[in-house]
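The same chain A turns up in both complexes below, where it pairs with chain B and then with chain C.
Our next item is the complex of A and B:
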């Protein structure tokens, strides 16, 4: 274990350093997300106001604010660009250099990205949670922050990241077959955005669709951690949701391995 | 050490008829075509040898190297390196090899160069003591000191290549694959890199496979060459043998009066020679007479020329390897036609 950590921690450090090198890019990423949140905020506020300002399908406006901002932050936290990265490395053939290293390919991607995730927790999640709790305190007049729910959130978000990583990895492996991923990438992002409930809370969707979506891995990627933070689940349901995440993480792990072993045999290196 | 037996690699390629119409056609009904990148390649390299693996562009060199390094799986045939089949256990196998692909880099693009070496140190589990010594050695031969703190993306091609070579040697690999390591470099950097290859080969008995288009790389470094063309072996043997077998070509350079004329036809008729056996090139007052010394001895050629015209100066040039290889490539083309 120790030996393994020693081998992969440098990837993590390199990930952090790369992120810092391109800090403006990262800042743009964060600010863009915030702008989007505010747009959604005003949109939903008008929905709530036209509805008389009270509860809407079990959500108060304060809930809605927490949901919007936290699900956006979660989305950024669990965002994985490993699919695009693999796709690019396959397209230009630089995956050669990765295959020449005596390391596990998945893990080298995972750790490089974990470095970024760590940075995002520090500069994004913690300020966001603080801000949201201050907002909630100002509006309701009482401190609602529940540390247990926050810990559930962290656990669930970690699982969500692993699921997102595996989904993206599987997606990246498609590049072995199609060689260029750009178009499919756009399709993937919008489908995940909708199915994961980060665009519209799944609770607002028709019953049948909602139940279906809640069982798919996409809900596990964003909706579950946010609902846990907001304390929307009963005790048994918390365990069930976390269990479901674990099942999906394992299934997708297996699937990505399966595709990998199939794809590596088909690999052809483009460009010399 | 390295055995390659009847390696063959086929790729499927989608072919597209030209133009927009062709693109649409390919979109709906892609036509697949099988391209054979390597047809049948076999060779064997003993431990501690530097093998020059040469051939014209598109001969299949890189494909073979990629099969040997375990990245590509051969369609048929197999290779065994250091007792291991590369494709079977990639992670274990690549620990023992180092590779440089001249057109790519294994360095961490956004990090200072030094960081890449630290990452590699952990990946290959090189201990501190060995790492220090190794870096000192590589620093000395490849002169990395001046740019080791700069981010890799800011390095010049020559610096990057030296850094890449160093990265491939850091873990003392048993086999080193160098795919065009001197491409696009100036003489000084080339020399640095050759020194490094030579030293590591001598001191650690590292087996090296080197592909290059630079003939002096081969002359300076290689004990033996394997030449391939169109995915097949063309020549396998030592450089000396190649010279002896194919190197019968000699060149006599005559400096004459400006008025003198020596033509290829005149010589061919006079000496009863054909085709490649005799070629004359003129450059102002100098005539280069290239001929096959197996067909006509140098002395006879000399006296024949002297009988035709007044000569101011004469020099004789030995067959150079570049010429031989050019001839071999050409022969391959003729055989095809």
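Our next item is the complex of A and C:
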């Protein structure tokens, strides 16, 4: 264990460094996300007003605000660009340097990203949760923050990140065939955004679609942790959802390994 | 003028050849933006299963506003996508030198260099929504409203382009301004929905400071109500020309401040 940490902690430090170096670009994306949240906030406020106030399909306006901002933050936390990175390294040949190192390739990517995630928890998640709870306190007049739910959220978000990492790894193999990484990135974000319920709560979707999406891995990537934070699940359902996340994490782990071993045998780098 | 047109055609032809070479890329790009749009529209559908009207607008009217807002956005995306690259890396890597040593206007060269076909996603959705929503949106169709609205579209696209020129030009001073383009451009989200749903400070922001409201809502409102052309059509022309003038000024200042980076 100790040996392993010694081996991978430098990757984590490198990840933190990367985020600090590109902090302005990171800030741009955070602010872009917040703008989107505010547009949605006004849209929902207008929807609630047109609906005569009160509840909308089991959500109050306060719920909606928490949902919007927390799913956006969760989206930032679980964001993984490992697929694009592998595609890039294959193209310029630098992946050979990684393969030569006496480390597990997956883990070296994972730890580099974990460094970024750690920074995001400190600079994004904590201020966001504080802000949301202050907002909720101002609106409802009582302190509703539930530390148990928050712990469930953290556990579930960690699993969500692992799933997102594996999904991205699988997605990244498309980069072997297509050069338009920018287009693929947009495609990935909007498809995952929709399927994961982070744009529209799954609870608002037609029954059949909702049930399907709840079982797909995408809901595990964002919707599950946010719902856990909001305390929308009963006790047995919490365990069921977390269990489902674990199952998906394992399945996708297997799938990405399978693709990786298939691809690595065919790896052929031209020039460099 | 003729020379400029000829150069533009040559550069655009090069772009099209590149597209034919990487057909799969072109498809992924266009499909990606199409799906991105589909999600936005699905959202409106789901809202309207529960409520009859949003801030006084019917389902078709909201779709109309949404669709209209995508056309100037797509037009700008089609023609001036290379400005993103100026902000993100062309200046930082010192590659901007190439634009300065050629006998054509650098800004024109930057813009003419890329013909971004991904924008078809936005244009197809925008036009599709207008066709779908028009019959039931209660439009005031007359020669004037239609003609003025069509004239206004390029000016609305110019608002996007000007904001991009201005923010991309900041890279001449700070090397990489991609994140600033991202932030300012991101405000176009506000253009997709009726501006009346926002609170007063936001409305002032998107009308007078980063005037995306003119690229969608105000223009649609003119077609929907037939009133106030001076504010909507006149507004978009005035605002876009003023912004464009400012952006040219910033760009010019920027180029004289540009120092090539060693690579």
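By definition in this document, the second predicted complex is superposed on the first by the 261 of 272 C-alpha atoms of A that agree within 3 Å, B and C clash if a C-alpha of one lies under 4 Å from a C-alpha of the other, contacts with A are read in each partner's own complex, and residues count from 1 in each chain.
Keep in mind that, in the parts below, a residue touches a chain if its C-beta (ideal position, glycine included) is under 8 Å from a C-beta of that chain, and two chains touch if they have at least 3 such contacts.
All of these numbers come straight from a predicted model, not from anything done at the bench.
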{"item": "Which of chain B and chain C A:47 touches, first, second, both or neither", "value": "second"}
{"item": "Chain B versus chain C as contact partner of A:39, first or second or both or neither", "value": "second"}
{"item": "Greater residue coverage of chain A in the superposed arrangement, chain B or chain C", "value": "C"}
{"item": "Contacts of A:210 with chain B and chain C, given as first, second, both or neither", "value": "neither"}
{"item": "First, second, both or neither for A:103, with chain B first and chain C second", "value": "first"}
{"item": "Contacts of A:257 with chain B and chain C, given as first, second, both or neither", "value": "neither"}
{"item": "Partner chain in contact with A:91 - chain B first, chain C second, else both or neither", "value": "neither"}
{"item": "Chain A residues contacted in one complex by chain B, in the other by chain C", "value": "none"}
{"item": "Chain C-touching residues of chain A, taken from the complex the two chains share", "value": "24-29, 31-32, 35-36, 38-39, 42-43, 45-47, 49-51, 56-57, 177-180, 182-184, 186-187, 189-191, 193-194, 199-200, 204-205"}
{"item": "Chain A to chain B touching residues, read off their complex", "value": "3, 6-7, 9-11, 13-14, 17-18, 21-22, 93-94, 96-97, 99-104, 264-265, 267-269, 271-272"}
{"item": "Touching residues on chain C, where the partner in the complex is chain A", "value": "22, 24-26, 28-33, 35-36, 38-39, 42-43, 46-47, 50-55, 118, 176, 178-180, 182-183, 186-187, 189-190, 192-193, 197-199, 202"}
{"item": "Chain A-touching residues of chain B, taken from the complex the two chains share", "value": "11, 62, 66, 69-73, 90-92, 94-95, 97, 99, 101, 103-106, 108, 110-111, 115, 118-119, 122-125, 151"}
